[in-house]
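Listed after this line are the structures, all set down as structure tokens.
After this come two complexes, each holding chain A, first together with chain B and then together with chain C.
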Partner chain A sequence: MTTDNSGDVRLSGISKTYGAFTAVHPLDLTVPQGSFFALLGASGCGKTTTLRMIAGLEEPSSGSVHLGDQEVTHLPPYKRPVNTVFQSYALFPHLDIFENVAFGLRRRGIKSVKKQVEDMLELVQLGEQARKKPHQLSGGQQQRVAVARALINHPKVLLLDEPLGALDLKLRRQMQLELKRIQTEVGITFVHVTHDQEEAMTMADTVAVMNAGRVEQLGAPSDLYENPQTTFVANFLGTSNLIEAEIDTRSGEDIVLKAGGGKLVLPRTRCSAPGTTGGKVLVGVRPEKITLTHADDAGEIAEGRNRITGKIADSSFIGVSTQYVIDSPVCPEFEVYAQNIDRDARLVPGADVVLHWNPAHTFGLDPAQDIDAGVDAGEEAA
Partner chain B sequence: MAAVTEAPPLAPAPEKKPPRKRGRFTPYWLLLPGILWLLIFFAAPMIYQASTSVQTGSLEEGYKVTWHFATYWDALSSYWPQFLRSVFYAASATVLCLLLGYPLAYLIAFRAGRWRNLIMILVIAPFFTSFLIRTLAWKTILADNGPVVHTLNSLHILSLTDWLGWTAGDRVLATPLAVVCGLTYNFLPFMILPLYTSLERIDGRLHEAAGDLYAKPFTTFRKVTFPLSMPGVVSGTLLTFIPAAGDYVNAELLGSTDTRMVGNVIQAQFLRVLDYPTAAALSFILMAAILLMVTFYIRRSGTEDLV
Partner chain C sequence: MTFVNWLKRNLVVIAGLATLGYLLLPNVIVTVFSFNKPKGRFNYEWQQFSTDAWQHPCGVAGMCGSLSLSLQIAVWATIGATVLGTMIAFALVRYRFRARGAINSLIFLPMAMPEVVMAASLLTLFLNLGAQLGFYTILIAHIMFCLSFVVTAVKARVMSMDPRLEQAAQDLYAGPVQTFLRVTLPIAAPGIAAGALLAFALSFDDFIITNFNAGSTVTFPMFVWGSAQRGTPVQINVIGTAMFLVAVLFVLASMVIGNRKGRQKA
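Right after this comes the complex of A and B.
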């Protein structure tokens, strides 16, 4: 966006321990100037602690924090060019909206705040509410005051700690778009902490998935979703079907695997496991990539697709799609989401089916990991 | 149950009405004990006092209501120094309580951690012994050749307080300072408890938010913590000032004839001089004065919408 790097956030080896408990393991992270960065994870994964270390509200046990070229590791919060939107907004109850927004400007000794505050209230569409007290506003309005109060200071970085957590679903969707619009408009680096994977994927350019005090994987939302590197990411971000398979042969760009009685093809570039011939690998595929065909029509399936046979154990119709649970020899609960375009009336529980998908959608993971990592965390968060 | 199921569909409607009628008077029935209590122990004595204050006569011949309002004027003109002294002592004690109590309440609310309950108990513990005994103990503490007076003397603080007229000679006992010390000591918990309650209610994230918005720790205190603790400051100062202004025990035990407060005068008029009208009139003047001051104070502190 710009060559200016004063809004970069660089964390080098920062960690935080409380007694014997390690909240954040030594972590290196660079958030480039002007990006919308999300720290995603279940509660207790260390994402908020990381954010608070950037804000200066928590002192790292080791490592350093840089903003641009300035080291801020030991600066108190009031000396950092960073502002925070707190989880429950933390608006000052004794001050009206105008004074809440003007607070940061006044502390920095700026005398004529009227114009700036009014412009900022206009940006968040709260011009009419300037003289009200926070408790007179709705949750969504309070949220926008919290954003205005932070943004008016033109921070190098804006930190958002679960800013939409207290809002209902509809308002949350609306505020996600609103925040994204504001971020594009002001061009400030946003670091956003959330447990809502959908929120992280809709808003952020880059998402870091955190688990137990470590960053599991970092990348663009579509990268993380299409090519997860760990079972935690595969299960936490959406749903994945994971099958244990054995490496059969390697041919050019592909790895051929044996699973159950059949063979599956996995592109080498999408395999994060060390994978030697005869070794194991966890094969994954997202439920919506799979096509279901009734066993009677198996002959019509195109060549070169990965196939698995099974029996429909359960199906639930949810409007835009139908979700099937398939009992197959390789995996007892294989999930398949099918768009309701041309519904095959024979696809009911008990029917024999063939599951098939394009090998390019297959990913391979290191089998040493817990196959169910992140399953509960994902459900809890969603 | 059976009656309800057998009744025709419209029958339950009239059945619902009686409880609603009873319900209309329920709040008044619930209020009755409180109202009776107030009538017997507050309104009746007040009316009795008011009538006493406008009576004339003597103990032997009996008192009669003669609407003799001059008693008020006489009482005020003879005892105005005691009135002023009461206000001054009570105000000094209140300010001292605030200065001592605020840091302590702040410490308990934000810094005490697991010591919080212990410190709270220590604040309240003196109440387990009698008010009189505790005040008498101060006689020993401030005794002429005790360590406190000795230390104050060697630090030359007594010569300063002598010069200000708070102490006399090398004594602390029987001086204004002793009375104010006693008042401060006795009413300090009444300051600490409301301060603690309102400080403890402040959301810690507001401090973080202020820090995040460039407020240094002291600015955070001035702009966020203190304004939010105003309800505690107001109720604490009222709970200290009002009883301190009417107190007579501290002046009686720790003071001298030069430190008599209006409470001492009222007590003497009632129990020793037996001049009931003057005593009643003095009580009413004190009450009116406190009411006026408190009203003015609450208006000025502008905490109506915070409380």
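Right after this comes the complex of A and C.
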């Protein structure tokens, strides 16, 4: 039995330059058949250009695009078994919903489209709206028409270009689940471009984080989040506390680091820096992995945990959790998120605290990078 | 005080009605005098009611011939100017080429230039080329001055068009021809229609340029001008009224269609 790979997308060394500007640096990427793949990055990182090269709306400056075993690099868009859900939908304003959805079938010379279109409109719950014009529908409905219009052609690959960008937050969450459901139902390869890291992590099986025309890291959402390989990924996906530290000793599976007088333990497998003794490394830990204990109770902290002392500079209560900013000798703005289960009344701004966490949650990054890479990009996107 | 308040509330309506009255008054006079039975050759004084002219609209020698000629020229000029103008508008919006800026501003020249000047220079051109003045010289001249209006109307529409619509069509298996016929053209249609209507109206009633380049051919505006010096037959008013009614019917029909569409939407 051979596995069906006709929905694979293989990009080999594709790049795109506009004059002196390089939008996408030579890029290799394989999206397996049936997966939900997200290209994540801030605006201008080359993710949309990459998508448009798969669609055929942009010709690559170098490299090739394969769909399954077929090379499509120089095929015009109307000859590719690929359909796109455009940003702001691009529904045809002069055609009603039925004709918008039937457009692709009719262009391929299929005569009896009624049944198929009606079924597709049912799938996206728009059966009642078939004879309306696009501008009479709400944003969420238009979005579903755009999905139906693309899916009805049974493309090998469905490309989604920021499809939820124009919707409000609540509707966006709803449509994320809806799209995920449809993808599971039809089993088509989805390639989704977004700047919203939460959206990418919620929906996709595999996420490629792009920055300045390059893929920074590729992997499952949890893998990217727990094991970022670059400062950009660490800062762009969620928030990370990054501290510069010096390598003290290496003992077995662990690397012991010196940071501001204290010692921190980092598992060797979670360090992407070269890491020679005496060298530098950027130590990272996610804010929600950290436990906050008042300095008076420091004795109760279990042995073997990484610890840092500091003073609470600021705290903001946001319902499910409280976000603290800690001023510590190693880092002036150490972020800690604590679930509001048993709130310690002494943890108010000005209190001395000990921050501690399981060493297994520590990650190490190459110190040659910009420590703030992706911070602004992440904020802008969120 | 109450009157002032009333005036404040209804000022817009009053101003609207006054403008409408000002615009329509000449048409009313033309219509009323189409039912006149004048003494002598001039139809300038009301004598008595009669439908003679309406029963014999072509009763004046040469008038219906000139009318039909004017209509033919207007139709051909509209077709020529609309096809060329639409293509020029698309080229100017969609493509970056040399002299694009120059063409963009030169296209307005026929609108800005005094008609007499253009008429004279066209005549010079035709005479130097040794062209026979008549139907074709008129047609060429009309297409020329209608072009800029069509280009302006279509350009505005094409510029406001989302290029992603055409990309979406291509993505949905429409080749270049299908994309143009199924998406581009229908969306640009209102602009093209507006340009075509303008061209028709401009061509139909043009006098100055036509007069210079007509040779011995006589169009309807030339006929009216010519006859006004010898006496004005009532039939001229009949034709004028009929044209006005046709135009009003067109507007009403488009409003009714628009309303019905609007109601379907609601």
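Quick notes
By our rule, the second predicted complex is superposed on the first by the 380 of 382 C-alpha atoms of A that agree within 3 Å, B and C clash if a C-alpha of one lies under 4 Å from a C-alpha of the other, contacts with A are read in each partner's own complex, and residues count from 1 in each chain.
Criterion: a residue touches a chain if its C-beta (ideal position, glycine included) is under 8 Å from a C-beta of that chain, and two chains touch if they have at least 3 such contacts.
Only a predicted model underlies this, so the values are computations on that prediction, with no experimental measurement involved.
Annotation: superposed three-chain arrangement on chain A; chain B versus chain C shows a clash. In the superposition on chain A, A:Gln136 makes contact with chain C only, while chain B stays out of contact range. After overlaying the two complexes on the shared chain, residue contacts for A:His192 are found with neither chain B nor chain C. In the superposed model, A:Arg10 makes contact with neither chain B nor chain C.
Comparing which residues of chain A touch chain B with which touch chain C, the overlap comprises 55-57, 76-78, 82-84, 86-88, 90-94, 103-104, 107-108, 149-150, 153.
Those residues of chain A whose C-beta lies close enough to touch chain C in the complex are 55-57, 76-79, 82-84, 86-88, 90-94, 103-104, 107-108, 131-133, 136, 149-150, 153. Interface residues of chain B, counted against chain A in their complex, comprise 203, 205-206, 208-216, 219, 223-224, 227-228, 306.
Considering their complex, residues 162, 164-165, 167-175, 178-179, 182-183, 186-187, 264-265 of chain C touch chain A.
Contact residues of chain A toward chain B in the complex are 55-57, 76-78, 82-84, 86-88, 90-94, 103-104, 107-108, 149-150, 153.
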